[in-house]
Amino acid sequence: MNYYDIIFYLFAIITVGSAVFVVTTRNVIYSAFFLLFTFFGVTGIYVLLGADFLAVVQIMVYIGGILILLIFGVMLTNTITNVEIRTGTLHLLPAAIGVGVFMGAVVSVMIWTDWKSQPVANPVTTTKSLGYLLINEYVLIFELLGILLLIALIGAASIARREKE
Amino acid sequence: MIGFPILSLITFLPILGMFIILALPKEQPKNVKYLTLAITAIQVVLAIILLANYNYSAAGIYDEKSFQFIEKFRWINITGISWLGTVKIDYFMGVDGLSTPMVLLTALISFIATLSSWTIEKSVKGYFALFLLLDAGMMGVFVALDFFLFYIFWELMLLPMYFLIGIWGGPRKEYAAIKFFIYTLFGSVFILLVMIGLYFSATELMQDGARVHTFNMLALMNPANYSPDGILSALNPNNLRLIAYIALFAGFAIKIPMFPFHTWLPDAHVEAPTPISVILAGVLLKMGTYGILRISYPMFPDITRQLMWYIALFGMINIIYGALVALAQKDFKKLIAYSSVSHMGYVLLGMASLTTVGINGAIFQMFNHGTITAMLFLIVGVIYDRTHTRGLNDFGGLATQMPVYTGFVTVAFFAAIGLPSMSGFVSEALVFLGAFGVELIRVLTMISTLGILLGAGYMLWTLQRIFFGPLNEKWASLKDLDGREYAMFIPLTIIIIFLGVYPSGMLNIMNTSVNSLVSFVTTTIHSTSLGGL
Amino acid sequence: MLQVGLTHFLVVSAILFSLGIYGIVTRKNAVMVLMGIELVLNSANINFVAFAKYGNYGLGGQIIALFVIILAAAEAAIALAIVLNIYKTFANVNVDEIDKLKE
Amino acid sequence: MNESLIVNLSIIILFLPLLGFVTLIFLGKWIKKLHLFEVFILGLALILSIVVMYAKLSFYNVKDIVAAFTWISMGNAPAIGSINIELGIKIDNITAIMLVVVNLISFLVHMFSIEYMRGDKRYTRYFAYLGVFTFSMLGIVLTHNFLMMYIYWELVGLSSYLLIGFWFEKKSASDAAKKAFIVNRIGDIGMFIGILILFTQYKTFTFDVIFQQIGLGNLPFNSTAWLTAAGILIFMGAVGKSAQFPLHVWLPDAMEGPTPVSALIHAATMVAAGVYLCVRIFVMLTADAMLVIAVVGAFTSLIAATIALTQNDIKKVLAYSTVSQLGYMVMSVGVGAYTFAFFHLVTHAFFKACLFLGSGSVIHAMHHEQDIRNMGGLRKKLPITYYTFLISTVAISGVPFTSGFLSKDGILAGTLAFGKLTSHWLIPAMGFLVAAMTAFYMFRLVILTFHGEPRDHHKYEHAHESPFVMVAPLVVLATLSIFIWYTPNPFAPADGWFLKNWVKTPAQVTPVQTRFEFMKPSTEEAKAEVHGEITHSVEYTETMHWAHYPAMILSLIVAGLGILIAFMFYQWKKISADKLAEKLKTLYKLSLNKWYLDEIYDATAVSGTLGFGSILAWFDNKIVDGIVNGSAHVTQLVSKFSNLFDTYVVDGFVNFTAFFSGFVGLSFRRLQTGKVQTYIIFVVFSIIILLLIFKPF
Amino acid sequence: MANTNLYHSLSLITPEIFLSVALVVLVLADLVLHKDKKLIPYIALLGIIGTGYLTISQFGMSGFAFQNSASMFSSYGMITVDSFGIFFKSIVLISSLLIILFSFQSEEIQKINDRIGEYYALIFGMILGMFFMISATDLILIYLSMELMSLSSYVLAGFTKLRDRNSEASLKYLLYGAVSSGLMLFGISLVYGLTGTTNLYIINSLIQGPQINLFTLAFACILIFAGIGYKISSAPFHFWTPDVYEGAPITITAFLSVASKAAGFALLIRFIKTTFVSYVDPNGWWHLINVFDWKTLIIAVSILTMTLGNFSALWQNNMKRMLAYSSIAHAGYLLLGLVVFSNQGLIAILIYFSVYLLMNLGAFLVVMLIANRIGSEDIDDYNGLGITSPFLSVSLAIFLISLTGLPPTAGFIGKLYLFIALVDAKMIAVAVIALLNTVVSLYYYIRVLKHLYLVKPVKEPVAITTSFSNTVLVSVLMLPVIFFGIYFEPLVNFAKSCLLILGL
């Protein structure tokens, strides 16, 4: 048990624990905040895995973008005056069974598989290499993502905008 | 041989007619009727020309050279990738003694049914267009010698039939129409499957010496064409020939209809308009038995020999069961429908005998049942047109009121009973003669003779209930036949009596082919190694 | 066992994944269903990054994770637009009540 | 007179009545008095047939004339060889005689009918039917093969059907017609199977070829049992047509037809066709078959006679008498008295036709009164009818100097000989009993009808003798009932030209071991002693000689006794018939109600078949259709789905997988809840299931 | 990366580039022409035609684009251009062209004319996504192209916003799609973990090694199949289909049912063929690497799919929904072509798809034209239309008969080739089940005909006259259905020439 391990467990607990709250708490706002912690935990894991740039992106895009978007979503789709913004749950039992079995399967896959495991030290910073890869090997995907974002923009705008009627 | 492609003409003329009808204006339904009549009349003329040029000594069956009026050219030709091989489908038509009687029958019954359709008032254009399409489909089935072409025609007539029953039929027409459709399709998917299986199991020797998978029926009959590893090759130890045979047989049996697949028939008949009942009973049912003789028998002679007892058994069940059920009917048309079940049993029994006499009888019975049952349904139609009821107990004493009609009815009924001097007798007698001669099915044949008795029972009872006894006052104003109805009945009556007195007129057409078929089916051994390979 | 290795990360990811699915399935509120989806995507990302590091697969995994994050953003945008649209139409965002189309 | 002329004449004779039929059916509507054309045609046919008979009997007495053509040829059939089905005619002596008998009676009946049927609304059609009947009957007579026999057999059935049901407005008439046809068909099936057996073995229908083959030892399926079976089965045709027990029930009912028809068809000719058939196949009958035939015949004659005792309808009495006499003939074939069977066929044809026509005359005179209890004393009103009727009655009773005495006596002698040779004594006993009863009931009929006081005065007053065309046939037929036409010696039928020259027992072809002892040929010397062709043993000839006189005396006694009793009962009223009936109530009722056979048949065979038919129809509708269709019952049981099923049925959606596919479809549809999260749960579970299935370890 | 490599790659994806440009032009045009948007559909048409031209000019060309220079398998790229891909691209393009033409006629689309630019832009987004799905050989590209297509289609499904059901369809599609793609992504991550790459060719060579954990691979395969299966709406991942098809605008439904399914199939076939097939023998049989039993999986899924689709369709009263189930069933039939794992099966799929394009789009077109006039897609509202509107009814009848697979329509040829492939592979039992399914399918297709022709309408149905352009459009779809039913040589020859899937 070294510091690395302790930090990992810390983040892992944050991630998993808050994720549990995300999916169980009835209050939507709480849930959103727990999601923040989850993302934060994931960020930590990224850092532990040596993905510094990714961690930053995670914070910026996820926490700064997506989460805010989600909270907006919560706000826009609920009456603000209602202090306790709650949500119901449904088919808990089948979900619990199904997901439980599923989780068992996934976890056992993760544990019992003989993964290739020969970690090497990452370069301190990955940003430059990532940038290089982005416009070289993955340039097509990069461009495609551009179009995807354009489509998302058009689509979101198109669908969310008010009709003139 | 004649200078023009008579088979194509006789098959596709109705389709041409259909297009003309679709182009005709709606306002004058008379034109449509006359056009259809003209087309079916031309078909009859063509059929007569065909008969006039028919070579009675050519056998056909498995030998392409002795088929007549052959039209054969490449229809689909997809040439080669190594693993795919050449795919070729021929447009291959021809007639022999098996199909010629059926072609004649189809032409005749179509013509008569057109006459009978004169009373159709509802969307005349559509009716006659579909009618002609149906006509083409039926004709095609009987002249096609390529399995693929056969199948296309086989299915082609389903849809028009569906509409003809469904739109112009009786109160439960939708039910009857869909039942007919589903049943027949259910049967034909099995035919399709076997067809594909045969396609893969056999090859045909092309002129350039290559061996190519084929749908050519004649090539599929030759055991030498089967490759040893084909699933339907007898050389393959895991072959599926028995299962394929049963599947194919089931496909055809539904059309016959053979017990226990017969339940579509009463419904379809009862609900169909008269001319369609006429076609249904007159021609469509024959397709099943024709298919067995044309396809099942020569392609699976080994299995046929193996299963002949079962075929005879089902023939017997059809005969007895159909007759007994007919005995209990209260609806005139339903009674006739079940009588069809019974009569088609004779065909099965005759076929099961695998003898010249029996199969001759079976084919002859197909033709005779076509004409006789057509007449019976026309008879029902006449009375239904006038009274709008078909209850056997609603009538009585019509003989006084409609003597001429009664005369025709008597002829038709006695023909159906199998009275000598009418065609039905000869074919039934031949069926029994043939079947009895085979020791294996002798007992079944003896039981089947009960059908003669039961047939007389229900027919005469019907005759009595409808025509004899005191006249039911309700019908005191019924008119006897008119000119059109005479025109429907007289040709059929003449044919029935003519063939009863001179059966050779028809038997000679099929004789050579039947002999050839019998010797082929009884002697062909399906385990010889692939010749030349 | 306690020595943190690849498996640990993977287990975290697996749990996250399952919780995501659980959230998607059980929450009534559409927005919270979306949160579940984000959890799923995150768990996959952890996988990619962890595999890349421990398998010595280079930076490919990180790049993929990056793409997924971008995609998640786009998806979230569209999803929220649709949810808003639903809210306008149905006056609520309870997924289970939106079942006019069925059978 | 050469052979081909005889053949041609026979063919002309055959087709003349058909020509009449066709002419009358198509032109009868437009041309009045066309029926006379038919009568004329029959007259012509009669003359020609007399010519043919004369030619045949004089010039070709021992040679059969055969002419045939190929009707159906099936080429060279695999494994069988060539199959040719021939049609043709064979004229031997019995054919020639039958030609005249049929034509004569037919002609007389035509003549009689001119007056009898006058005023009927289907007058010409009646003659047309008679024409087609005559044609068919002649066909039976002339045929040289089984197939043609069967064909004409059926055609005779058709014409019988048409004529019995001639007054189809009466339900009883159409019922009777239907019954006649169907009951006949039962017999025909047997006959048909018999023919099938023969054809299967010999690939031909021709009598001569088949008999020749049997003679050569080529038996059906190489078994004497099959030969016996074939004989009995073909005999079944005769059972139907000749109204033998148990298929005799149609004949009395057939009296619903016009009386001349009864005379022609149901007394003289058609019903005799069965006997004719037996005579034709006589040579191939084995001992077992013959015994069956004898027993059937004897039993039939007895049971019919018992019924005839009590009937009150004049035609019914005659009908049962006919059945009884037919039983006699059949029995005669069975006991091997071939010649007497045929002889009785001919004599019976004449006197029974006379009786029927006479009854027709009475009925005509009484305005269609048929109950003898309402008659009486008609002797004065209808003298000619009375005397002809009486002559015929005397003939049928077997009083000497009549033809009936000759033939009946021969038959009784035959049975007696049979009894002696085989110890089957019951058959002669029955024969004599029937002879007594015949005499009794026939005289009962005569007395009740013509003697005594009229019991229905109103009808009696109006009765008058029939016109010439009606009585002339009576006279002719009565004349033919005198012995002189057949033999110069009224007590020795075998010495007459009819039996001595014309009709001879043909040689049996059955294997020797299957014959009765007395039918086996004796030594060569013995054979030479008796008639050339006969295959009987010497003992048989001797026994026949022995039986001749006892039989004659016995028959005279029983006939006299019967007549005496009849007079005691009805003329002199010494004994009260009613009281006797009261005493023997059970027997009387049995007899009056024809042993309840009709009722038994109705209750068993007819309603059994109909009931079975209904059951099957129900089965077909509900089960066969139902299994495939999704039966309504299952529907109701599954009440949850019943509503859906109703719409389903109404919707015309029912089909063979209705229940199944409907259920499956519904369950599948239930999966589609519309809730997207449910779908996702399904996905999760699907993945788990797939994982469980496809785990590659 | 060398420049030549990039140019080479770019030259291979000219259709995709053109599409992207067209997309941008559409967006710009929408902004510029915000007053009068009449031109926009024509721009879209031009875009399709241009792409079509470029695609067809690629015919016969094959190669890899965007090769991974860093890898030792540098010869395999992210994109593969081959005739197989071109075939499916053509299918997508033809259906897109027809959808644009449909959109001219659709009243639903007419009503949102002010957003028509976005509509077409999103359609182009979908097409682009499909193009990449068809030719991608890299898992991550596959995933992203699927997402591109999905995101566009989520929006399009709810695009018209005219009725509740639009929004609902779009939400359901979104949630379902997001979960499916999430599962797929997780599967991809597992594959990545096992092999360290996302390139299919490399995976193919790596999984033949012994060290691969088969269970994990199977798990990953199933997860990935869930993603693809959702696109082709195969059971048990089909649940979204009926709801979305019913709710979406009819043009989009038609598009989803053909183009998106085509792309999904192309992807599935390419994925399996490239990743799991070790070699193709001279007889055209594909030999699977013995790591995952795709054969059994697909047989099971195929049978389940067609059975489920057919039986559920029995009960539908909404035409679109019925056609949705029918399209599920057809996905099942199409999968049959894959279960045999042979070129014979592939050819059957290609033929079936060509035919399916015609008949399914045709059916949707007629349904749309009828809905334009009577405002309903309910089968009950079709009563009596057969008499009053003969042309549309006859065409619909022909399309439905073809969908059933009866001769002499092209649908029969499609089925015939599928069954030929099955029988050739000696999978008779599967063929029998499929055939019986065909019989079941007859029920619901024929039911439409029943309502058109046989059922007496309560009130006199409206007579629907078709404009000239509609008549032409319907005929363009209907005549080939008949023609190919009678003479299918060109169809088969075309399919035969499009069999090449570049692989090991």
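The chains carry the letters A, B, C, D and E, assigned in the order they are written, with residues numbered from 1 in each.
To be clear about the criterion, a contact is a pair of C-beta atoms (placed from the backbone, for glycine too) under 8 Å apart; a residue touches a chain by one contact, two chains touch by 3 or more.
All of these numbers come straight from a predicted model, not from anything done at the bench.
Number of steps on the shortest path from subunit C to subunit D, with steps defined by chain touch: 1. Any chain that touches subunit D and also touches subunit E is listed here: A, B, C. Centroid to centroid, with C-alpha atoms defining each point, subunit A and subunit B lie 71 Å apart.
Centre to centre, using the average C-alpha position, subunit B and subunit D are separated by 38 Å. With centres defined as mean CA coordinates, subunit E is found 43 Å away from subunit B. Inter-chain spacing, taken between the CA centroids of subunit A and subunit D, is 102 Å.
Counting partner chains per residue, subunit E has residues 70, 140, 144, 147, 151, 154-155, 158, 161, 170-172, 175, 179, 183, 190, 193, 196, 215, 219, 242-243, 315, 443, 447, 450 touching two or more of them. Multi-chain contact residues of subunit C (touching two or more other chains): 10, 17, 20-21, 24-26, 30, 33-34, 50-51, 55-56, 60, 67, 71, 74-75, 78, 81-83, 85, 95-96, 98-103.
Under the contact definition stated at the top, the residues of subunit A that touch 2 or more other chains are 90-91, 95, 98-99, 102, 105-106, 109, 115-116, 141, 145, 148, 151-152, 155-157, 159. By the definition given earlier, chain contacts exist for A-C, A-D, A-E, B-D, B-E, C-D, C-E, D-E.
By the touch criterion given at the top, residues 10, 17, 20-21, 24, 30, 33-34, 37, 40-41, 43-44, 47-48, 50-52, 55-58, 60-61, 64, 67-68, 71, 74-75, 78-79, 81-83, 85-86, 88-90, 95, 98-103 of subunit C touch subunit E in their complex. Looking at the complex, you find that subunit D touches subunit C at residues 669-670, 672-677, 680-681, 684.
Here subunit E touches subunit B in the complex through residues 282-285, 342-344, 347, 387, 390, 397, 401, 406-408, 412, 416, 419-420, 423-424, 426, 428, 431-432, 435-436, 438-439, 442-443, 446-447, 449-450, 453-455, 487-489, 492-493, 496, 499, going by the rule given at the top.
On subunit E, the positions that touch subunit C within their shared complex are 70, 140, 144, 147, 151, 154-155, 158, 161, 164-165, 167-172, 174-175, 178-179, 182-183, 185-186, 188-190, 192-193, 196-198, 242-244, 246-247, 315.
Touching subunit D in their complex are the following residues of subunit B: 172, 174-175, 177-179, 182-183, 186, 259-260, 262-263, 321, 324-329, 355-357, 360, 397, 399-400, 414, 419-421, 425-426, 429-430, 432-433, 436-437, 445-446, 449-450, 452-454, 456-457, 460-461, 463-464, 467-471, 503-504, 507-508, 511-512, 514-515, 518-519, 522-523.
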